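For reference, the structure is listed below as structure tokens.
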Amino acid sequence: MFIGSVAEDKKTEKRVAITPDLVKKYKSLGLEINLCTDYASHLGIDDKEYISEGANILSNDEVIANSNAIVQMNIPSDENLKKLKKDQILIGVLNPYSNEQKLKDTIAKNINCFSLELLPRITRAQSMDILSSQANLAGYKAVLDSFAYFQKAIPMMMTAAGTISAARVLVVGAGVAGLQAIATAKRMGAIVFATDVRIASKEQVESLGGKFLIVEGSENLETEGGYAKETSDDFKKKQEELIKETLKKIDIVICTALIPGKKAPIIITKEMIQVMPKGSVIYDLAAIQGGNSELTQVDKIIDNNGVKIMGEANILNKLPVSASNLYAKNIFNFVSNLYDKEKKNFQINLEDEIIEKTKVK
Amino acid sequence: MFIGSVAEDKKTEKRVAITPDLVKKYKSLGLEINLCTDYASHLGIDDKEYISEGANILSNDEVIANSNAIVQMNIPSDENLKKLKKDQILIGVLNPYSNEQKLKDTIAKNINCFSLELLPRITRAQSMDILSSQANLAGYKAVLDSFAYFQKAIPMMMTAAGTISAARVLVVGAGVAGLQAIATAKRMGAIVFATDVRIASKEQVESLGGKFLIVEGSENLETEGGYAKETSDDFKKKQEELIKETLKKIDIVICTALIPGKKAPIIITKEMIQVMPKGSVIYDLAAIQGGNSELTQVDKIIDNNGVKIMGEANILNKLPVSASNLYAKNIFNFVSNLYDKEKKNFQINLEDEIIEKTKVK
Amino acid sequence: MEIDPFIFRLSIFILSIFVGYYVVWSVTPSLHTPLMSVTNAISSVIIVGAIIAALAGSSEKIFETSNIFGFLAIVLAAVNIFGGFLVTQRMLQMYKKKKK
Amino acid sequence: MEIDPFIFRLSIFILSIFVGYYVVWSVTPSLHTPLMSVTNAISSVIIVGAIIAALAGSSEKIFETSNIFGFLAIVLAAVNIFGGFLVTQRMLQMYKKKKK
Amino acid sequence: MTANLSALFYLISGILFILALRGLSSPETSRQGNYFGIAGMAIAIIVTFLSVGNFGEGFIYVIVFLIIGGSIGAFIAFRIPMTAMPELVAGFHSLVGLAAVFVAISAFLKPEAFGLGNIGNIKLASLIEMSLGAAIGAITFSGSIIAFLKLRGIMSGSPITFKGQHIINLFLGLMIIGLIFYLCISQSNNIFWSIVMISFLIGILLIIPIGGADMPVVISMLNSYSGWAAAGIGFTLENTALIITGALVGSSGAILSYIMCKGMNRSFFNVILGGWGATDQSSNTKSKEQKPVKSGNADDAAFLMKNASSVIIVPGYGMAVAQAQHALREMVDALKKNGVKVSYAIHPVAGRMPGHMNVLLAEANVPYDEVFELEEINNDFANCDVAYVIGANDVTNPVAKSDPQSPIYGMPVLDVEKSKSVLFVKRSLSSGYAGIDNDLFYRDNTLMLFSDAKKMTEEIVKSL
Amino acid sequence: MTANLSALFYLISGILFILALRGLSSPETSRQGNYFGIAGMAIAIIVTFLSVGNFGEGFIYVIVFLIIGGSIGAFIAFRIPMTAMPELVAGFHSLVGLAAVFVAISAFLKPEAFGLGNIGNIKLASLIEMSLGAAIGAITFSGSIIAFLKLRGIMSGSPITFKGQHIINLFLGLMIIGLIFYLCISQSNNIFWSIVMISFLIGILLIIPIGGADMPVVISMLNSYSGWAAAGIGFTLENTALIITGALVGSSGAILSYIMCKGMNRSFFNVILGGWGATDQSSNTKSKEQKPVKSGNADDAAFLMKNASSVIIVPGYGMAVAQAQHALREMVDALKKNGVKVSYAIHPVAGRMPGHMNVLLAEANVPYDEVFELEEINNDFANCDVAYVIGANDVTNPVAKSDPQSPIYGMPVLDVEKSKSVLFVKRSLSSGYAGIDNDLFYRDNTLMLFSDAKKMTEEIVKSL
């Protein structure tokens, strides 16, 4: 059986779905790899490297024609999508909410589409959990970028020429990205505060050395899947006051709060930004889902009264190598779960929660 | 008496020599402050802030005309230089080697010029030591920028989607900038190596958790002032081999090696860069003094076989607020040493080693 | 100036209590079980009394009631002596420092 | 079955050595100086001997040579008793746990 | 043998016993200590023979009985499995107690042989001493029997309490005192026997209300009793060896039980006086079906690891919560100084964030080359002496390999159970993130260290 | 008073002495311990009066002399400055030694009064005991006098050695044994006096080769001698109190000197046998003019800080070199648990890089609000109990304030010397970056803790 992958739109996506070190692993499962030319050259990975691991380098169309399963980062271009044939399998982050029509058409052709952001958050699925693996790096990168952008030094330094006090960082939302942001900011020497609606996150924040801002009388807004629910108005008001008070002394804000399937909650309002010290930075990882800050605009740096608000469509384009490594491993784990080694074919076993939930219907 | 400072050329210099919090301190010494309009507005500091601290905001010419001492970051523009009058004092980083003629002319007008990079490295001068205060921040910023630029994550992360191994950083030259670079890289979770010609630096590197690369049979190339001497050919060869071997596994190189009054030593040769892994980054802080890497070009990012080499004329323009804070404090300490509080005037006491050594002759 | 030997015995008794008190405080907790077992073994010095009891009286009538109790006590104490020390020995084997 | 009292004294002596041994091990090092001072004070029980020596013999001739030595010993020991305990007391004042 | 000489030898044997206990203070000298004990015992027995000086037929019988008893003892000692140690010690205690009773009876029946006067006219002091010896011996005997039965599982380990228990005990205790007083006046056989019988009863009543968990304390306390009984008999027989040893055993046993109580955070008096502690305890144990776990303290852990040749550290979320990484690093340093090879095994999802453990270990400056991911290290557990699992739970749970119904089925787990011993540092038996019980807690080669991870690790450092 | 009753009371007084020493095991019970000692002494004296039963004129004199001696003692005790403690104890020892000699002489002169036989016909055992008591007493006396003189500075503190010293000591020792043997045969006065005289000489010869630094060990050893002397006399007088106390003091003194040697890393025998250690020592001390420093160990430091109400930590480059930040953090945690207020004082140029200390403290998770820069905290030293200077040197050097010639003149420094005590953790007396000596090491309120910063701090944590 053949696994194929074609180049993404390299302008908007720098990550790839198959890295050279995984080719061997696929082969040991009995799977062959087809890739298009210049597949990952923008990451400094020559086609030669893939070939030496045993992959086939073909043209774009050949890859699609000769592969039983196509693994991608994003949904393929309309052109490529049309080239898919019956019984082929498409795996990637297909974003079924925004690509509803396209996917409907594809499925209609009896093509099995699996979208990995639909993975259930069960223990067994952790090794395929692309949301975790990518959010983790996003949290890291957001901190690094905002620190690099910030006009002051982050750690406390007591020097002969006076003291630089430690920067104060607020992390909004302590999920996977938020926790990694806390860890990264903390190790750079920042004083880190964090807020979340899930009660369990308090302990988690503290286990990384962050300070948790507790909204008084807060209920636990955790769903069974470990995600957050929307908040009540009362809660929102209390949270607002607390955050506004805190923001007066915050240098950098990292926003990561999300509610699955919904617009990201607005947490940093315009008024709050007014009270922030000049020169401070807000990095909004939720930008593409609407942003946690009221003023966020995707891929733009907004200067509001000296406060810079930034947020990118795809921050991981700036960390493409690490992000690809983890993503490709996730995909590999998903594929090996789908592939029946004995029967040597793909088994779409809908009793398997992982397969059932990720399959786009 | 009046201390004045005029705006720098804001295109090439974002730092300022007087920050608002120091105005009060000058006043408590009995000194008045004259600044030109929009003195630090590019740092988000309004003229109002200076005024509220008690400074006078005047025009450029008024500042120069009405101040007994002019403190600057860099040597003033030729225009401004010409406006200086007899018995005025000029303090800054005047770079007497490259500005020899200009300074000669100025001194000829009986203007006392003090260039702070000439400060003797004695204990008492530490609080005025602009080389230390700026190098320190440069070391920090070089690491942060190169990490932000690097396409992989720095710290080790063992995750469900595989392991990201810790990045390996080599710091060349373990002076003030180098040590801060080591500390910063270390706290981000990198594995840090360092090399230097001064034997004392081994212990210092290790005190920050770095690994010191010892050139076998190395002599101590430390001058009495704590600076480095040029190396012998034999030493150079041994150092080269050691570094070449090390570089095969290095992701990021931070270059900081300098020899006062000389061109920076070339340490990373072209051949060495060939062996470095693709995607690795060399940040050359010595760029403006010629660079420690053979391929360094000021303010350009060179891509050599997948290795990126970068170095800026003034990295601290990216960290202007912290850098100004420390610089302004250094200047203040220098001025208070120069000023006689009782006699209420500036005393150019050439018996004071600090004053004697910094005075441009 | 003759002092009743009882006073001496009392002194000895009390001093021994102090020794016992201190000896135990200095034992590392991981050796508490062997300690218990060794004190158990030691407490069978009662066999001294048992032997005296068994051999008390004329050597003809060796099985008077009192002697019989003595003999029984000897058996009991002997079980304890041998059992106690051997078991301690076995336990302590486990604590042998490994060779490096 | 009469046992020489010397044996008893010997037992007492030896047991006391053990007690002394253990008692000291359990003293915290920071109290070593007061410990030294208190043992010093205690060692002046020699005054018991001194009193006996001073009062030995008939009550008429109280200043025979041997008695004189006894009296001298009393003075020396008394210096030590009072001095020793008081100094210890002073030292221990310093170790008073501060009130919080 | 003169009385003086034998007294001297008894003194020597007493000193050897002291040295025996002293030897136990460290593992290095402990075996030597045991030899001292053996020597002391040998001297005591030989001296007794020599001083009785009766080498007739009786002597032969003594030897015979000694050998019979000795063989039984040796047989038991060799055969008993190491796990049955506690009940064995309890059983042995009962023998000592009974022996003391027998000796007292013998002395009472034939006082002239011991130089205590004549029947019906025994010296007052001796009478008191001997009846006290008999009473304490009897309590030791019956108490130890109960402890033995409870430990062996023949009797239920749970405390048996009933109303008025303490009053009855008090009453019986007073009764014994009264009877001894009366005995002194009447010298009556019957009263002596009653004392013995009532003491048996007291022994039983004292121990039944004490729960199984407290048995080690009880055994040590019974040990102490047997010492006092021996000392009592020693006074009767005017025997220095018995007095010294009795006092030694008596006080050391009492102190040991006190130390053990302190170590277990239990009130000494509650344990010794049985029933009083029972109420608090039962409420704790009700909630859950109780499988037996072995729990230890820092010293045990330190001892195990110090003597291991390789240790693997398995950190989990609990380490992060407790911020135990620095203490952990220090512990590892100490172990390395002891020549132990130490590595860290990091499960891919340990903690609550990808790379959670890495951040913390890096903070504590753990060298990267000691840190291994699951696949690299999982085979090493089989060759490792101790796995030190600190605040991890789910990532070690073997149910992931065996039970397809389990929510964590299919997740790779660290095979800690393959190492010779597993130490689990966590605060309770409660479950981790996945909310499922971990079977490893109840395994034979697992020792639970119930405590905050940081606190426990610091304590281990101290005792290393 | 009957002999039995007085024996019983002597026993009680002996036990009180044991309890006195026991009390010293912790600061909380130490004063109580001292009271036990006083009580024991009072009982011993009163019982002696009662048992001698001679309340004539002599008794009055005894009381008078007691009061004279007591007043002198009390006067000295109140007047002596605390710093003179060691020599005071040495002085007191000499008195005990001399008292023992006097009692022995008295017993020798009038044996019948003590029930030891008659002049020229003293019991053999008593003769041996009494001459041993006198000899040891005499050694204690003269040895203590030498120790006193050395400590007081009247005699030079450096070891006085000469060739053949050990042979002479050996010879004198053998001579004493020979003389005692001869005394037993001849019962001659002269020989008894010779024994006393030679012992005085031995005492002197034993102590002169011992250096000033080892004096505390010597004092403790002399203490031990005085105990043995008392025990010897106790045997002579058949007095239980003297025997118990003598043995107690004798063994505890010996053990204490052993412990102290271990604490100072010195060989016990080298110290006790004087001169043998001297050669190694002198080579060390030659190089530099030796100003006296007080050096302590981890326990001292722990004790001082535990009982402080505020401690300021002053880290320097040495902390970085030793990577002691984690241990330091742990120490501070332990102190805070003890209710001590702790802050960190960071000098602007501490370490070798701007912000060096900050990096390390952040790594150890020290909260930022406990970290203060020089200007913020410098005034607090005056109100702080302990400054814990860990691997810092130049940044505390007061010469920067006082000596314009010094290379660091004009640099602001941390005023650690204003705090009640200063603890300096460093490996030696050597200088820091600036290469200049630090006067603080020699101050009265400074305690040097010579060790690697990490090791020392870890040890302090252990003893906290």
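General observations
In order of appearance the chains are A, B, C, D, E and F, and numbering begins at 1 in each one.
Quick note on the criterion: contacts are C-beta pairs under 8 Å (C-beta built on N, C-alpha and C of every residue); 3 or more make two chains touch, one makes a residue touch a chain.
What you see is a predicted model; the values in this text were computed from it and never measured.
Two chain pairs, A-F and D-F, are weighed by contacting C-beta pairs, with D-F ahead.
At the interface between chain A and chain B, two copies of one sequence, more than half of the residue numbers in use are shared by both copies.
Put simply, the chain farthest from chain F by mean CA position is A. When you average the Cα atoms of each chain and compare centres, the chain farthest from chain E turns out to be B. Averaging Cα coordinates per chain places chain C and chain E 18 Å apart. Distance from the chain A centre to the chain E centre is 56 Å, each centre being the mean of its Cα atoms. With each centre defined as the average position of its C-alpha atoms, the distance from chain B to chain C rounds to 81 Å. As a whole-number value, the distance joining the C-alpha centres of chain C and chain F reads 40 Å. Of all residues in chain F, those that touch two or more other chains are 14, 18, 238, 240, 244, 323, 348-349, 354-355, 359, 362-363, 365.
Among the residues of chain A, those touching two or more other chains are numbered 126-127, 132-133, 136, 155, 157, 159-162, 164, 187, 189, 209.
Chain contacts: chain D has residues 3, 5, 8-9, 11-12, 14-16, 18-19, 23, 25-26 touching two or more partner chains.
Going by the touch rule set out above, the chain pairs that meet are A-B, A-E, A-F, B-E, B-F, C-D, C-E, C-F, D-E, D-F, E-F. Against chain F, in their complex, chain B makes its touches with residues 122-124, 126-127, 132-133, 136, 176, 179-180, 183, 187, 203-204, 206-209.
Of all the residues in chain C, the ones that touch chain E in their complex are 5-6, 9, 12-14, 16-21, 23-57, 59, 62, 64-67, 69-92, 94-98, 100. Those residues of chain A that touch chain B in the shared complex are 43-44, 126-130, 132-133, 136-137, 140-141, 144-145, 147-148, 151-153, 155, 157, 159-162, 164, 184, 187-189, 278-279, 306, 318-322, 325-327, 329-330, 333.
For chain C in complex with chain D, the touching residues are 3, 5, 8-9, 11-12, 15-16, 18-19, 22-23, 25-26. Looking at the complex, you find that chain E touches chain C at residues 13-14, 17-18, 20-22, 24-28, 30-31, 33-34, 37-38, 40-41, 44-45, 48-49, 52, 54, 56-59, 61-62, 65-74, 76-78, 80, 82, 85-86, 88-89, 92-93, 95-96, 98-100, 102-103, 105-107, 109-110, 113-114, 125, 216, 219-220, 223, 226-227, 229-231, 233-253, 255-256, 259-260, 263, 297, 299-300, 302-303, 307, 309, 339.
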